[in-house]
Amino acid sequence: MVAPLSDDTLALPGDGLREGVVNALRTALGDALLDVVLKPNDDLWVRVRTDAWRQAGLVLRDTVGCDYFCFLSAIDWMPSPYGKSEEDPTQPKEPIDLTVQQGYAGGDTRLQVFARVTNLAKHFGVTIKADVADAHPSIESWVTVYAGANWHERECHEMFGIGFDGHPDLRNMYLPTDFEGHPLRKDFPLLARMVKPWPGIADVEPLPGDDSEDEG
Amino acid sequence: MPKVPGMIKGLGVTARTMAETIKPKKLGGGAHTVQYPHEKESPPIRARGVIALREDNCTACMLCARSCPDWCIFIEAHKDLAPPRRAGGAPRKVNKLDRFDIDYALCMYCGICVEVCPFDALFWSPEYEYSEPKIADLLHDKTKLGEWMETVPEAPALEAGAEKKKGK
Amino acid sequence: MSLLAADLPYWAQSLLRVLGGTVAVLLPAGTIVYLFLFKMMSFMQSRLGPMEAGPYGSLQLFAEVGKWLQKEDIAPENADTRVFRMAPLVVLVSTFLLVAVVPFGPDAYFTDFDAGVFYMLAVSSISTLGILMAGWSSANKYSLLGGLRAAGQLIAYELPMVLSVIGVVIQAGTMNLQSIVIQQNDGEIFGFDGLGNPFLLTQFVGFLVFMISVQAELTQTPFDMPIAESELVSGYMTEYSGFRFLIFFIAEFATAGVFSLIASVLFLGGWGLPFSWFGWESVDGIDNWMNVGGPLILVTKMVVLSGIIMWVRFSFPRMREDQLQRFAWKVLVPISLVNIMITAILKVVF
Amino acid sequence: MTDLADRQKLSYIAAQAADARLNVELETEGMTLNIGPQHPATHGTLRIIVRLDGEQVVWAEPSAGYMHRGYEKLTEVRTFPQVTALINRIDWLGSFANEVPFILAAEKLMDIEAPPRAQHIRTILFELSRIANVSLFLGDLGVQLGAVTPVFFAFRDREYVLNLIESATGGRFHPNFDRIGGLKDDLPAGWIAETKQVMKRLRAFCDEIEDLLFGNEIFQSRLRGIGVIPADVAKQYGLSGANLRASGVDWDLRRDQSLPLAWDKVDWKVWTHPDGDSFARCWIRLQETRESTKIVDQLLDTIPAGPIMAKVPRIIKVPEGEAWVSTENPLGEMGYYVVSKGDLGPFRVKIRSASFNNISIVPWVLRGVYVPDVISILASLYFILGDIDR
């Protein structure tokens, strides 16, 4: 049999392990810890204030012991104004609801940066989020906290247009240097779906002289 | 026993493989390659080679075209009258296919269309030899897709412990 | 004197020699490519290799040559065109010069001169020049790195090769390759003459060093840094295509063949069989059929030796440049020096 | 360990010295060498820009993106079943393993669990794709170091694994076999017996590779002490899989998290190596391939009977929520952060692929090494282009 998980992992019914993490974060960050979602024995989401992003990273690394960097990325919470390009052009377009609605741990802005770090000794991970202002999206860089954040922040920068203060080299990674727009933002159209008509439109010619609608 | 140097062992491995390959097929040797096109490997029954269409079953419901991630299925149809199911009944109105094209230049062989088809009109065939010099010829129309029906095999028997499946 | 020289006019002799030389270069190259590169390598990798051209793929080589000859002769725009075009020929020339001293039979040889070993070692380094030219003139960074690596490597391995041959020269007491062959077949080991006295037995260390150096001179794995396809794409050959690449290719395998010929001459008794088998007393007593049989025997020995070279090539990974240099200077050179000393001492003692 | 750390330090000093030499001592400019985007060693189109002093690397920078396909954007216009067909092209050598974490994340959001038989078969196919993937690595390793034969052995024996995957799923490379709630189909008859034969073959293949490559003195001298990554650096960069375990970190997601898969039901071992050098990384992969064949063998004996599909609606709508599931894929930790808004398709999928993190350490680890080591270090880090660019 595989060696059993360490005692800490076999968390208590109330998940003392993750609650401990939340407590540690609250002590270190104070009111910069904005919101917490804890699913017992499953996962933990926390949201911190934008200006406490780097500090939260340091706390997670040094106090909580999450020294393994998993990923960093961003979410654009605005629904896509283009839909899936799967509608009949002959029908009137249904209006798309563009209200921004954030996910777990709430939020106030359209763009959110989120990252995940893992504690390898106690076998748990934390997803940490922070809002970034809509007008000038930027946040502190994590490069000095987790060296691996370097590429993730570059990717995030070109895909979402989020600046990372203190990043040594915020060049484009995938796109040409003079590329305009930020592809993963929802208001960036996915051209591949727009240049072609959707083949799913029902194209059934009725019988000559028969105007009755579809049956069976 | 003194340790054989790794380099000598390495020479041994290649020499052994050579002996294996030269050994006649009858004695369990031979190469692992197949001399295509003189001999051909038969793909497994489930292999997703090409999609076959049973035209009579298709009702032009568009489910396959809509579920296709690549948008590579194109369907057009017209209403038509079919003979009644029971004698003396009224003729039924059915959708007759005008066009059913699959563009194999776009298809990524995911099999979602075959899976969603509610009327058993699409099947996988393990046939694979239909490459074309011109990319446009990879668009198979309904006649060509219908011809593939001959190559569709029976579904394989299942391993012990499997539940009987209903439908296809 | 040579059998041919006795009966034929000079122009016919020359023609025969040119033809013979071409055959002596191309035949081993073709044999090695088909036998080892196409077939042995494939078998070692659980496949059959080329099977379509000719019975069992035996005409594949002609197909390949035909393909290469059809291709356009391209030189990169920034290349030093004249040097670029000349480089493959320089490499090939070294092969032809090498084959000139190899004795194929009691009377079947191109030249027979006393400084044969010396000449052989001298002309073998001409190919280095060609490779360096190719690397330099290609206007390609990979080629340049490959050319420089080749130069460093070939110079480093020239030395152990020379030193390992010196053992043979000391033992034979001559630098004439023909005499070395005769000595080996005529000789005896402690009064037993059933095997002759191939220097493989007395100069085993020298043989090993020589073969390792040959491997390096031929830039075959594990010493193929100048080509190193996973690092330098194709090293000094990166920019070559068409018949110039073909010449490089032929030169590579022809040189492998010629070096195997030389190794069998130096260590395996060359074209001869132990004279005691046939009761020959001296060179003059050798039957005339040995002028036909000799080359066949020599080629057989060559095939065995080049088979070993290729076998190693297909089995081993590549060394790193600094490891290779260290191996040459710190291992091979001291070993061959010790070998020379011991040979010299034993020569004096016996 | 200290010995290796010293070597790493020395190569750093060498890089600094080379850098200084470039500008001061010789007033040379150094040479900038583009390795890639079309290069035999980059299996795909990765470009590495290196600045050289002689053959020593002063500075190196990978430039990815020649194969970026924008999967994160594409997932937003696709339904959940369509996404499965897409994402098994991320790491194309271990494709079934790509599907599993995504499906698990969707199942987590829907709060359903696949029946035990499906979990079992998923685990078997997962390990088969690991074997298919890593066996190719073992062969390719030889090519990167100049040995031509191992790669043919790898292709030869991987073929048998691919045949298995094909006869079960219908696709050699892109199975698209995993479904929310279970699997598309049950195994065909005779598959288990055949798989056992192939596992025996694969173990023989591992022995061959060990004799041919790992035991070879040249191979060892090429890799030992080269490209040392200490454990703390590895964790900082988020290295995963064999690269992390080779640095002595005992972390394997198959063992260290509880997922509805069958790894906890069999007996196997997580291999680690204290050295953190290229050799350690390769050696770990070799051992893991053997371990995988053992896992598959044991799982084949214990497949429970029953259905392979849980009760799932015909049209799948995933409830609102966020879920993160990652698994120990052949290349390392592969995870999906799935955000759903209750639609037919996901709202956003963040794909955390292993190679992206594994390659981000390249500028750090390549300083001060020689050009041949660039290749061997890249080979030992083992990346798939699709897994970097996504």
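Annotations for the structure displayed:
The chains carry the letters A, B, C and D, assigned in the order they are written, with residues numbered from 1 in each.
To be clear about the criterion, a contact is a pair of C-beta atoms (placed from the backbone, for glycine too) under 8 Å apart; a residue touches a chain by one contact, two chains touch by 3 or more.
Being a predicted model, the structure only gives us computed values, none of them experimental.
If you take chain A and chain D together, the chains in touch with both are B.
The chain pair with more C-beta contacts between its two chains, of C-D and A-B, is C-D. When chain centres are defined as mean Cα coordinates, C lies farthest from chain A. If you average the CA atoms of chain C and of chain D, the two centres end up 44 Å from each other. Work out the mean CA point of chain A and of chain B, and you get 38 Å between them. As a whole-number value, the distance joining the C-alpha centres of chain B and chain D reads 29 Å.
Centres computed as Cα averages put chain A at a distance of 64 Å from chain C. Each of residues 7, 10, 13-14, 17, 32 in chain B touches at least two other chains. The set of chain C residues that touch two or more partner chains comprises 44-47, 314-316. Contact of a single residue of chain A with at least two other chains is seen at no position. Contact annotation for chain pairs lists A-B, A-D, B-C, B-D, C-D, with touch applied as defined.
Chain B meets chain D in the complex at residues 5-7, 9-10, 12-14, 17, 32, 43-48, 67, 69, 108-112, 115, 124, 156-163, 165. Interface residues of chain D facing chain B in the complex, by the touch rule stated above, are 78-79, 81-82, 84-86, 117, 149, 153, 156, 159, 163, 166-172, 174, 176, 184-192, 208, 211-220, 303-308.
If you check the complex, the residues on chain C that touch chain D are 41, 44-47, 141-142, 145, 221-222, 224-225, 228-233, 314-323.
Against chain A, in their complex, chain B makes its touches with residues 60, 62, 65-66, 68, 71-81, 93, 95, 98.
By the touch rule above, chain B contacts chain C in their complex via residues 7, 10-11, 13-15, 17-18, 20-22, 31-33, 35.
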